[in-house]
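Note that the chains take the letters A, B and C in the order they are written out, and that residue 1 is the start of every chain.
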Amino acid sequence: MYGKGLRALSISTVVAMTAALTLVFFYAPLEAEQGFLQKIFYVHVPLAIVSLCGFVLGGLLAIAHLRTRDPRWDFRSYVAIHMSLIFGLATLITGSIWAKGSWGHWWVWDEPTLVSFLIVFLLYATYQPLRFAIEDPERQARYASVFAVTAGAFVPLNFIAVRMSTAFLHPRVLGSTSNLPGPMALTFLISLIAIALLYATLCKYELTAKHTRAQVRALRRRLAGEESGRAGEGGRTSRSAAPSALPAGSVGPRPAGQAARTAGYPIKGHT
Amino acid sequence: MSAATDTSPASAVARDAGAHPRREGTGLWTTVRALLRKELLVELRTLESVPGMSLFALSTFVVFHFALNRGSVEGDLAAGILWVTLLFAAILGVNRLFVADAEQGGFDGFLLAPVDRSAMLFAKALTLLAYLVVLELIAVPAFSILLLGPPIGPALGGLVATLALADIGVAVIGTLVGALAVQTRARDLLGPLLALPLFVPIVIGAARATEPLLVGAHTGTPGARWLATLGVYDLLFGLIAYALFDFLLED
Amino acid sequence: MSFPAEPAALECTGLVRRYGEREALSGVDLTLGRGRTLVVFGPNGAGKTTLLRVLATLLRPHAGTVRVLGSTIPEEDWAVRGRVGFVAHEPLLYRELTARENLRFHARLHAVGEERVGELLDVVGLARRADEPLRTLSRGMVQRAAVARAVLHEPELLLLDEPYANLDPAGIELLAPLIGAESERTRVVCSHDPGGGLGEADLVLGLRGGRPALLAEAGAVSAEEIAELYR
């Protein structure tokens, strides 16, 4: 169901990324003050923008889940947030590299965008532990959605608040993207498109992979369920931070003792 | 009613009055009042939240004294210490807010009643607000005695306004986070982890607003923009909490 | 045969309630007329408590239709609350408060007058210890307070999850007019006791693994068949 268009998307991503890299290295002019290191800006800022949009998207998908109670929306919300968290980590790392290269410190508090990002990252880092700490899958999905909506609304508010608090300290070093000279603006735009496509492709991959795996598990369970006869106690429901990839009711009862997979994060747990 | 009905109290209360007309649910404010009475009664009986929060604040001031090696602070350092302490003490209150309900079936009892479920959000937020007010009545004078350099008198007006706005925000966010965390396994850990980032804008607004108040020479007024920030944040989160809270109660 | 003047107390068709990917209730069908008693048997984990919680509107059905006292849940669950009394595994009372305070709290939630609290405390025999915190009372007394809580608002339908579990015969006798057969209310009782349970029942439902293994009028079922459920 999610695999349609995956190939086309992947190809577009590769094309866009190649284009972006070419532009960054061969077309965009070398910036006077910061030199070569400034080029990391073409990676760092798009990563930040895509990551933030991803978090907000996760919140919107969560709203759909709360309204329709269809677990598939929660599944999509989970993937969006999960991927945004990874892109967010990349944002912080590239930001830190740039800071070290430009000002000699691995971290600077003067950059409101970076600071806001850290706060948002710390908040979303609790998403998976929150999910993992709730056993009942339906409640887990519902609470995760409430969190996703709250956090999604928090992102813009937080940015505004932090921006206000650093406004008078230092002039904004990253510079507004609206007054970039021509070649830089073009390179930035292409980079942004490339990173956005990368995000979309990776999300689609994750959605497809998880969905397929869930379908296989369901089929296996149905086969085993029919062989063993009665559903019995149903076995212990194991803890999992991953939401249900299938619409409700599309799987049969689970035979006793079958372990469920846990999600990507290597969080220790026991069945 | 049949003439042969026996008149013992048992059968009097057991007597079914026939098909009831559909009752209107209990009104919102009646429910909130009932919940508030219950909350405050439980807290008075157990004293689980407020004394702990207050004591924690006092101890934290002492720790700050030794950690910073200062006998007196002012300006932005004072504002920072005050707000960090208040926030961490508030988190203790947030952690305890729903525990009695979760452990003693309070949610079920409430959900079985014909009430507007938002009443619990209002009641819990007002309860937390009450706890914060008592906390501040103890912690702020303590702060001015233990650590604050300049006199607090001239700052009081602005300080109270800032405290009021910040408290509302903390109460709303604390209620939402408390309800989220209480149903999880690691509730004492997740509560603070969820709350602290959400509190950051409140810290920004409150600390920046309080800074000019805690200086010796010319006590300023809290910047209107910071109070406005707090107000807007409170309002937005109030709306978000109102929209989302019911989803945390149902099953 | 006469037509019922009012809708049946309970109507379930194909009720399904899941817990993750497992079905806690798989396709329960039943109809219970007003004033009758349904007794539900089954081993632990069979879904008895889940069924009761669905009927109490605490859980929403995932599939199938459920009508309680004429109202469909979950769409009209607000119309059902306040007309149902639920005695659960836990007393649903605050341990630090007294019986009187707990009952007063529930009375306010249900918009019931406070005189009723005093009446009920007398009936369940807690009048003398009504003003001591619940944590100082014995489990049997707490259970009595829990039953008082459940019938405070004169519900039309009683949902009782092993209501006599912690009670001595004296306690059971005290509560009989409120929640027993004498109360003349529609009742759904979960029971582990094949002998006693059958005695009270008009209709019997046996659950195993969430599935209805047995559904019959009480007269047509033997204690043996019920014991079968537990094997």
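As a working rule, contacts are C-beta pairs under 8 Å (C-beta built on N, C-alpha and C of every residue); 3 or more make two chains touch, one makes a residue touch a chain.
Not measured: the values here are computed from a predicted model.
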item: Remotest chain, subunit B as reference, centres from CA atoms; value: C
item: A-B against B-C, pair bridged by the larger set of C-beta contacts; value: B-C
item: Centre-most chain, if every chain is reduced to its averaged C-alpha atoms; value: B
item: Distance from the mean Cα position of subunit C to that of subunit A, given in whole angstrom; value: 46
item: Distance from the mean Cα position of subunit B to that of subunit A, given in whole angstrom; value: 32
item: Whole-Å gap between the CA centroids of subunit B and subunit C; value: 35
item: Per-residue multi-chain contacts in subunit C, two or more chains; value: none
item: Subunit B residues counted as touching two or more neighbouring chains; value: 251
item: Touching two or more other chains - residues of subunit A; value: 138
item: Partner subunit A, residues of subunit C touching it in the complex; value: 16, 18-24, 26, 45, 62-63, 208-211
item: Interfacial residue positions of subunit A with respect to subunit B in the complex; value: 66, 119-120, 122-123, 126, 129-130, 133-135, 138-139, 142-143, 145-147, 149-150, 153-154, 157-158, 161-162, 164-165
item: Partner subunit C, residues of subunit A touching it in the complex; value: 136-138, 218, 221, 230-235, 237, 244, 248-249, 251, 253-254
item: Subunit C to subunit B touching residues, read off their complex; value: 6, 53, 56-60, 78-79, 81-84, 86, 88, 90-97, 101, 105-106, 108-111, 116, 119-120, 122-123, 133, 149, 151, 154, 156, 177-178, 182-185
item: Complex contacts: residues of subunit B adjacent to subunit C; value: 9-14, 16-17, 19-20, 22-23, 25-27, 30-31, 33-34, 37-38, 41-42, 45-46, 100, 104-106, 108-115, 250-251
